[in-house]
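In what comes next, chain A is part of two complexes: it sits with chain B in the first one and with chain C in the second one.
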Partner chain A sequence: MNKVMGNKKVIALFTLPTVILFTVIVFYPIIQTVYRSFYDWNGLTAPIFNGIENYKNLFADDLFYESMRNGIIFAVILVVFQVGLATVFTMILMNPRIRGKRFFRSAFFIPAVLSVTVVCQLWGALYNPEWGLFNKIFEVLGLGYRQSWLSSLDFAIVAIAFVNVWQFVGYQLCIIYSSAKAIPEEYMEAARIDGASLWQLDRYILIPLLKDTYKMSFIFAITGGLNAFAHMNILTKGGPGTSTYTLTYMTFRNAFTVGKYGYGCTSAVLLVIQCLAVTILVNWLFRNKDGAVFEGGK
Partner chain B sequence: MKQAHRTTKPSTAISMIFLIICSVIFIYPLFYLIFYSLKTNNEIFLTNPFGFPKDIQWVNYVNAIKAFDILAFFKNSIIVSMASIAGILFFVLPFSYSATRMIWRGKTVVTNYLTMGLFIPIQVIIIPLSILVRDMHLSNTYFALIVPYVAFNLAFSSMIMSTSFAGVPKEMEESAVIDGAGIFRTFVSIIIPLVKPAIATAVIFAFLNVWNEYTVASILISKNSVKTLPIGLANFVGVHSTDWGAMGACLVMASIPTIIIYLIFSEQVEKAMTIGGAVKG
Partner chain C sequence: MKKSMKKAAGMALTASMALSLGLCGTVYAEENAGEIISDKEADLTMMTYYDGEEDPLATFAYAKVKESFPNVTIEFESQPQDGGQTIKTRAATGDLPDILQSDSGTLGLLAESGSILVLDDYIEEMNYTDKLVQGAIQTCLTSPDGHIYEFPIGGVSPILWYYNKAIFEEYGVKVPTNYEELLEAVTTFRENDIVPLATFAKEPWPVGAIYDSFVLKDDPTGIYGLSLGDASADDEANAHAVEKLKALIDAGMFQDGCTNADFDTASAMFLEGQSAMFINGSWYIADAEPALGENFGIFEFYPTADAGKEENNQYACTGGGDTCGLTITTSAEDPDLCAQVAATYAYWREIAEYQINQSVTVPVKTDGFETNEPLGAGSEQLLEMIPKLTYESKFLHTLPNTEFQTSFTEEMQKLLVGESTEDFIANVNKCIESTTK
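And now, the complex of A and B:
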């Protein structure tokens, strides 16, 4: 038996293809990105080593700070509205008297299975300044208010962030709700017998027990915001001006439009450092001070 | 208890109304899309922007197929998705089997190495990857997408498969080997049929991922004839901004496969997407 299950040739044949593919397509490029971030490189001619020059330039680049600012705005909107709404919906759906739970969850979830292109094209239509839904609503209500949503310097980034909120609320709801359902019914029952109101139940039992789930939700929302790319690439191309640049958009633009591959690698490295920092920070904020916390549904 | 019931009732009603209003607001844009895919420009712009189309324009769908390359994009998406899924299974099934059931040193290290793939954002990979694709002369071919898609899905798919392989009783292999079956026969005709549900989950997740993938495709593909739906449709606004109804029809058609899959396999899709969330970074 062990001879068959320990056959070295078979093990190599089964394992190596995956390991090689992963190494070549995923692992090797990561090393390359870090390595090339110290080079002046246009992707065509031989790269020239220039030490920390790229990093110096990046920290002196106004666009870098604007991109970071937009990433933070995006992340804050996702946390407040995506995680926030998902929490409110979870609290409501945890009420045993609410009917049609499956329907509500699906209604919120469907946008998450659409491609980002479909979602952006649809929202491009909703935001259309002449005939889009939002301005039409103002018109019907008789308000003189009009907004050129996606071509406003200040508002475009917010408008784009809400596209993402809409698309992935159901996804966050799914994460939070499925963990909430996994909490043993006795916990809730015990509190209910003690006369806790629904709000107290949520505030003192449900949310504290979902700490680990919230850790995950926050990390998804924040890194999702910092990483945002597809939405602006489709809806605004970073514009108007550079007002909807994010660090990812800046990275892609530097590398693939301007042809500064080395510099693109530098901002990619910073992006990863940022995401790592956020992950560590969120883990630290959500650390278990008192030890005893229920492990959310896995 | 009785008293509690009485006090919760109004709040339940309020919650229910709130939930209904929210879900209507959230789902309405999808109906708006379906409606405008069936309207004339005049109806979209002026006469009836919100409601159900007055005079249903099926012709938009005909125009979408005739005037845009939607069928070509569909074909590309189907080819890339199917090939990627086949590739993922081809790599992952033997790998996870060997990493969970076979006896060798270093399998924990190798498994952990692959698990790293769950936490890597695409941004760190894409620049060198684009050079790699160019140097391998894969630019603007299906393989420029299939190879990265297979590689990106290895970590998550092998996680799902490994969990499932680990649950197969040891006796399955023992009796097969005693009966004289080789390791390949045992693997293909005894073990794989036992893990079909996990394969289904992995396939559904991979399909949704690949079908909707935008970022990598937008960087690696520039030729129209190999564009998948997400990048093919992304350029529509500028090019075809005159015929909104037909554009809406394209968007609706492109979404039908994933929506159908979601409606059939809701629980599995939600489960896979929640566990696999980290993959997207």
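And now, the complex of A and C:
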């Protein structure tokens, strides 16, 4: 077996199908997108090469900056609330005195397996300004604070981001909690013997040892925020106006609604660059300076 | 290069088909109702709005097709109301059905790309225009490039303002005939927790209809004029319209969350008495009149002119005719058969629209046909109004300038939820400048 695995030709042979598949499914479309971004093309008639004109137009387009701003707001909310809540839930579930852990784990994860359409229908009803749950709660409490949650130019993007937080907090919890469970119990035990409180256990043992897990969670949350699309497409169609546009939605609008496919490719290229940059940045921030990181119980 | 080849091939194919038609003669089922026209076996695909196996109009038309083409089966696909996104994407990937319903929002692009056939010769051979009313021939048949690409579906349909008589009577509100009275009515309804006008501004065309209702009083070209760059948002007519609309929005004319409401939600509010008024096409009479009965009312003209100027473009209407209908795609294996089937289907579907839905704006002549039920008061009123109505604007979703229609929808949504008139005017002007240069 070792002889086989030491043969580079054999390794290449076995990985070739995956490499080909990955190239066809991922790299070829990306290259096509970059290529098409230099064309004035409506997707149907003959494309006309226009150099960097699309990029110049994009950087002069107010919608581009609004979409970027919304993507960043979305990403920040996911990082703070999705990863944050998943961390809090992990700390609670790691507490040996908590009962019914299996129930809570399942309950938190249920929204993640629901389709986005179902979740959006549910939250669309909750956010309804006339008879939605949130406004009714304010009404019952005698508070005059009623909101058109999804029809506010400033608040709609936040409202949609929280739908995503609710749906996928269980997914983040799954990642963080499973890593936390893999931390050897001796570390915790030793700390407890030394008199560490619950908070100190979490602060100085649990969270530092989950550094690599957080790297992955942050990348998922940030890139998920930057390229968010499905929730706003169902809940608001990007509206009111353009107030819930992200770069993905802008790409969709330009390519398929307006029929400027080449221009749509341009914003798609910028989105890919953004996500790559974020991934590199997070990797750099979470780099192992001292090598003292727990690696999944090895 | 490939696209121009495709277009040339499409034209050549059309020409050859026309030649073969000339030799064979072409008929469709109206003139040979009940007779077998062709016993060819074919499985065709057809994509239309609203239709499907459950739709009574489609069922009726398909039965007529089966009478004359017994070995033809049609697999229906329902076309999403998504501004043509699905059609354009499927055209780009060569995945169009044999017969496709299209309107001027997508027709020009499909024709330019060679995705649909020119039907000039088919229409001529079939004498299809003999079956169409004059208004449809003038406004629903020929595209701006001078060719015919569709067998018309949907005639010259005006956008109308509807109201619930019972609500107006209950709160002692006069049915408005001008802007000042409309503002007063809106204020009274709001004071009594009634939504003055429910709308579904999540969709593009209703916001265009709302805007047009105001601007047409001073500029009958409305949003069509804006989309061509012939008018600007800060000219006198448009600026005045925006000012009036903004005052009504601030007075609470529309329901909370209207930019997020779909047709079903808004229509339910009107039909269930939560909203006093509603804006929709004339086709809505078939839904609303049975539901509201004697309380169903139609404004004779838009109540949006300044007091004392009611006669300014009094019957100028938004909506109207459009080159909407069944097209034959170049991917169809048997274009002759598809054209015959499409002509038969389109004709009988519109007859069914008249007979079942009592629609008096169908593009086909209805002489010799009776509606299943006697015409309701709403349809009778519309029949009286039709000769007076004028159309120089268009439905927002059928404007050929698709970028303008998208941007205008976005700006209108912002205005509806609180954007200032200054920002709205500036942004619409920016949009006109960037899309008409």
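Everything that follows uses one rule, which is that the second predicted complex is superposed on the first by the 268 of 298 C-alpha atoms of A that agree within 3 Å, B and C clash if a C-alpha of one lies under 4 Å from a C-alpha of the other, contacts with A are read in each partner's own complex, and residues count from 1 in each chain.
Criterion: a contact is a pair of C-beta atoms (placed from the backbone, for glycine too) under 8 Å apart; a residue touches a chain by one contact, two chains touch by 3 or more.
Everything numeric in this text was worked out from a predicted model, so none of it was measured.
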| item | value |
| --- | --- |
| First, second, both or neither for A:Ile92, with chain B first and chain C second | first |
| A:Glu130 touches, of chain B and chain C: first, second, both or neither? | both |
| Partner chain in contact with A:Asn283 - chain B first, chain C second, else both or neither | neither |
| Touching partner for A:Val272 - first (chain B), second (chain C), both, neither | first |
| Which of chain B and chain C A:Gly43 touches, first, second, both or neither | both |
| Which superposed partner A:Ser152 touches (first chain B, second chain C, both, neither) | second |
| Greater residue coverage of chain A in the superposed arrangement, chain B or chain C | B |
| Which superposed partner A:Gly264 touches (first chain B, second chain C, both, neither) | first |
| First, second, both or neither for A:Lys237, with chain B first and chain C second | second |
| On chain A, positions contacted by chain B and by chain C | 43, 124, 130, 256, 261 |
| List of chain B residues in touch with chain A within their complex | 1, 4, 7-9, 11-12, 15-16, 18-19, 22-23, 26-27, 29-30, 32-33, 36, 44-46, 49-50, 91-92, 94-95, 97-99, 101-104, 110, 113-114, 116-117, 120-121, 123-132, 147-148, 150-152, 154-155, 158, 173-174, 177, 182-184, 208, 211-212, 214-215, 218-219, 229-231, 233-234, 236-237, 244, 247-248, 251, 254-255, 258-259, 261-263, 266, 269-271, 273-274, 277-278, 281 |
| Complex contact set, residues of chain C against chain A | 1-4, 83, 85, 88-89, 91-92, 109-110, 112-113, 115, 202, 255-260, 402-403, 406, 410-411, 413-414, 416-419 |
| Residues of chain A that touch chain C when the two form their complex | 42-46, 124, 128-130, 146, 148-153, 235-243, 253, 256-261 |
| Complex contacts: residues of chain A adjacent to chain B | 1-2, 4-8, 10-11, 13-15, 17-19, 21-22, 24-30, 32-33, 36, 43, 85, 89, 92-93, 95, 97-99, 102-118, 120-126, 130-131, 133, 136, 166, 169-171, 174-175, 178, 192-193, 195, 197-198, 216, 220, 223-224, 227, 229-230, 233-234, 248, 251-252, 255-256, 261, 264-265, 268-269, 271-272, 275 |
